[in-house]
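First chain A sits with chain B, and in the next complex the same chain sits with chain C.
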Partner chain A sequence: MEISRHWRLKRQRYALIGEVCPHCQKKIFPPRDICPECSEDARTLYQFSGRGEVYSYTTVYQAPSGYEANAPYTVALVKLVEGPMLTAQLTDLGDEPIEVGMPVEMVTRKLRSDGERGMLVYGYKFRPRLIEASE
Partner chain B sequence: MTENQDVPILKPIRDVGIVGYGAYIPRYRLPAREVARVWKAGTGGLSIEEKAVAGLDEDVITMSIEAARNALDRADIDPSEIRAVWVGSESHPYAVKPTSTVVAESIGATPHTQAADWEFACKAGTEAMQAAIGFVGSDMAHFALAIGMDTAQGRPGDPLEYTAAAGGAAFLLGPAEISLAVIEGSYSYATDTPDFFRRAEEKYPEHGERFTGEPAYFKHITSAAETLMQAMDSSPSDFQHVIFHQPNTKFPKRVGRLLGFTDEQIKTGLLVPIIGNVYAGSSLVGLTAVLDVAEPDERILLVSYGSGAGSDAMSLRTTTLLPERRDRAPKTYDYISRRTEIDYATYARYHGKITMK
Partner chain C sequence: MTMAQNAKTPNDVLIIGVGMTPVGEHWEKSLRELALDAITALRTDTVWVRPQALYVANMLAPYLSGQTQLGALLADFAGLRGIEAITIEAAGASGGAAARQAYLALASGMIDIALVVGVEKVTERTSSELEAALSTSSDADHEAVHGITPTAQAALLMRRYMHEYDIPDDAFAGFSLNAHANAVTNPQAMYRRAIQIENYLNAPMVSEPVNLFDAAPLADGAAALLMARTDALPESPPYPLVRVAASSVISSTVALHDRSDPLQLESVAESSAQAFQQAGLTPGDIDFFELHDQYSIFAALSLEAAGFATRGEGWRLAQDGAIAKDAGIPICTFGGSKARGDTGGATGIYQLAETTLQLQGRAGKNQVPGAKIGMAQCLGASGATAATHILCREDGP
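Now for the complex of A and B:
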């Protein structure tokens, strides 16, 4: 049971809430309270737009425990427009080929469930941008 | 007891309207002919073309979050001002644990908010809207969010399997002055009519076949619509658009004609042939499709139907704020045209119909 961990991470997972450094304005994700750029205190919450592009990607066929039902699935390094890079699953790909540089947007999806009786874990994934005009 | 013909409509002290709206329809489509192929049924009288199916990582929580974000993008308000997040559905992912708290947390509405899940078959969404009208209209809240969303269940091979679909919509209700559509009045009609139900531990619902028609769908919708129009001194020709709950293509068209509406008035909000019956979201995505194209100062009649049974009727009038706000988020047809066809086997996998143990 990892209920407390899921609960602590819910804001960043559900809505991409990170931090912005009040000293050098660097946007930080995941939040770490110390700016990786200037090493000052950085605890100001920051809502990321959720828009970014695929920096690199791979397809997982042998999924780790808890993710088997979704296999095969694609995991990408996504570079957010605000700067940080994060790892996330891509979803709703349909028949579209994935390409490096492909514009994507964040959606909140079911990541996994802790067994049939356990909690459902939700968090960010990325999908091809629904409408280009959302830039 | 007799039915009172002189019933006052539901009207709050303060005028209320829709400040923002958002639809969500998942990407995958299961054609009705594919269900017919597997169950060796004829394809002559299929009631729809295809239905929308949720992906493996989607449920009422994730779909509600996206619809709510679209509604917020249109409204452009601070989510911490929302005082109620209400989700109506008959497919809440948990039996005990609110859908609404996850949605409220995801959109930044927590913690100064009411959160609750609503249940009344296919009218749980309009029921949440009725309550939100009361919440805002009584000045208890400035903004309240009402959502109708479903990933509907149908037993394999049952007639419901052709139509039971996934999707829905969110409506942010607030003061009429800043609304894109003002709610002129509403009315609810409910009786104990067991036309369709699902017992607590059952996976799939039961339905009364022909009993779902006359005493259920038609009686409740016509009663709700006629009472509201009569009380508002309006007639069908006063409305540019009308949206009914749409379990199949035939019922909403027929009830429209019974009430005196033309097919032209029904057309824009009739999505069931291409997305299926999205239950608690059914009439509501019809409303989002109408709001996507309606001109200012047009009148819209919305009549939901929920088995068990009841109907909520609402009369709306669009405002001059509608045209600029609708472009701030994806429209209903942006989701409908994002379409990936799947076969029955993939559908069975996505819906957990393949048992692994």
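Now for the complex of A and C:
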């Protein structure tokens, strides 16, 4: 079930809250407390905009247990406009072809389910950007 | 050739024997029986001396066999109850990492003879359970939770590679063709069948753009090495001595997305550079390279990061035939993970066993002509760990 594990991660999973390094200003996601750039303490919270673009993408057909119901699904490396990259599923794709560089935005969706009586895990996925927001 | 390479000391670490099981679906064999088969093969291969330590390389036993403490389990099962015995885990780099631990123990003088066994038993579970187990090699909180698999991660790298460099559709085919061609004459290989370019081009996709022939088949297998320090060598083994000229393990980020440049395998670059420095060698001195070809994109990226090709050009070595066993830089000379079969945490031990056979001149129809110096390198997931060894034939250059 891992209830406490998913609870601990709720800020980053639901709201895309990461960190900014007070020493070198690097934006950090997922949060890791030590800046990967300058190795100083970095615990200042930072709210990411949820906007980014597709760095690469592919389809998972043979899914791990807990994800079979959604297969096939699209996974991507998404480069956030603030700099960091993250791994997420793409969703709400419609008929639009996916391309490297395609603008996307964060939405909250169900990530996995552990059977009929199991817990549902929610978190971020990314969809094609609906409005061209100014950056 | 520098002084460093020719300087022989009593502290040199040697590989004095190898043993391997065929790679495949061993429904009739358990994890411990596979490991024992490899040890038994080793015992008939060389002068056997009771080792003081056993290092087991394994990745998936806790998930697929419900078994930890493989060190104690296998030592006991192999008639070695009482010796120091532990498991070393670094996903697909477990084998190289375990050999590194044996190297350190022997070089330190604390251990005289070490046994290293790589074993993986993957046919116990359904494919979704296997995918879930494999996904534990990625970042559980930030990658696996999104349903990503190792195959999908290789596909993300391959797609980006194809996006950044203008390459033909069949750019990676040469890696698969070479592996299958070499496996035909390897009695331990899972797929002893050559493939043609048409097979590659018509193969079904497993995760676009990774097709069936870009991905190595996961299978059961075990391999073993007996390692000793020169001054502790009990008697001369029946074959030429093979010396560990370099041993390096380097880590990088577990999560692919945490790398500023995912197409540059930093761990491979660092580990290779460290190994070349230890041995006093350059890529041009290497006669053959047993690299990590779990996915064909890894082969291209490894050739680039290790210094055998410039960035974006690794695939050309395959297309130009430079990786064949009689060409410039032979790779996967026994079929690699692609055609010998991918044995997870045991991969690095198969690589080192095959490298040893090449250097002893015992590779049969797989022999690289005149091989004196070989390099073996295995990766954990998409390069979170890189383990590199350079082996030299002791009467070599």
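In the analysis below, the second predicted complex is superposed on the first by the 132 of 135 C-alpha atoms of A that agree within 3 Å, B and C clash if a C-alpha of one lies under 4 Å from a C-alpha of the other, contacts with A are read in each partner's own complex, and residues count from 1 in each chain.
One rule holds in what follows: a contact is a pair of C-beta atoms (placed from the backbone, for glycine too) under 8 Å apart; a residue touches a chain by one contact, two chains touch by 3 or more.
Note that the coordinates shown come from a computational prediction; the quantities given were computed from them, not determined experimentally.
Once chain A is used to superpose the two complexes, chain B occupies space next to chain C without a clash. Applying the stated contact rule after C-alpha superposition, one finds that A:Arg11 touches chain B and leaves chain C untouched. When the two structures are aligned on the shared chain, A:Ala69 is found in touch with chain B, with no touch to chain C. By the touch criterion defined above, A:Ile131 reaches chain B but does not reach chain C. By the touch criterion stated above, A:Leu111 is placed in contact with chain B and with chain C alike. Once the two complexes are laid over each other on the shared chain, residue contacts for A:Gly94 go to chain B alone; chain C is not touched.
In the superposition on chain A, contact of A:Leu120 is made with chain B only, not with chain C. Within the superposed three-chain arrangement, the count of touched residues of chain A is higher for C, of the candidates chain B and chain C. In the superposed three-chain arrangement, the CA centre of chain A forms the vertex of an angle with the CA centres of chain B and chain C, and that angle is 150 degrees when rounded to a multiple of 10. Taking every C-alpha atom of chain B against every C-alpha atom of chain C, the smallest gap after superposition is 12 Å.
Annotation: chain A residues 70, 89, 111 touch chain B in one complex and chain C in the other.
Residue ranges on chain B touching chain A, taken from their complex, read 27, 55-59, 61-62, 65-66, 93-94, 97, 102, 105-108, 330, 334-335, 338, 340.
On chain C, the positions that touch chain A within their shared complex are 126-129, 131-132, 134-135, 141-149, 151-152, 155-157, 159-160, 163, 206-210, 253, 255-258, 262. Taken in their complex, chain A has these residues touching chain B: 10-11, 14-15, 47, 69-70, 89, 91-92, 94-95, 107-111, 119-120, 122, 125, 130-131, 134. Of all residues in chain A, those touching chain C in their complex are 5, 9, 30, 36, 55-68, 70, 73, 75-77, 84-89, 100, 111-112, 121, 123.
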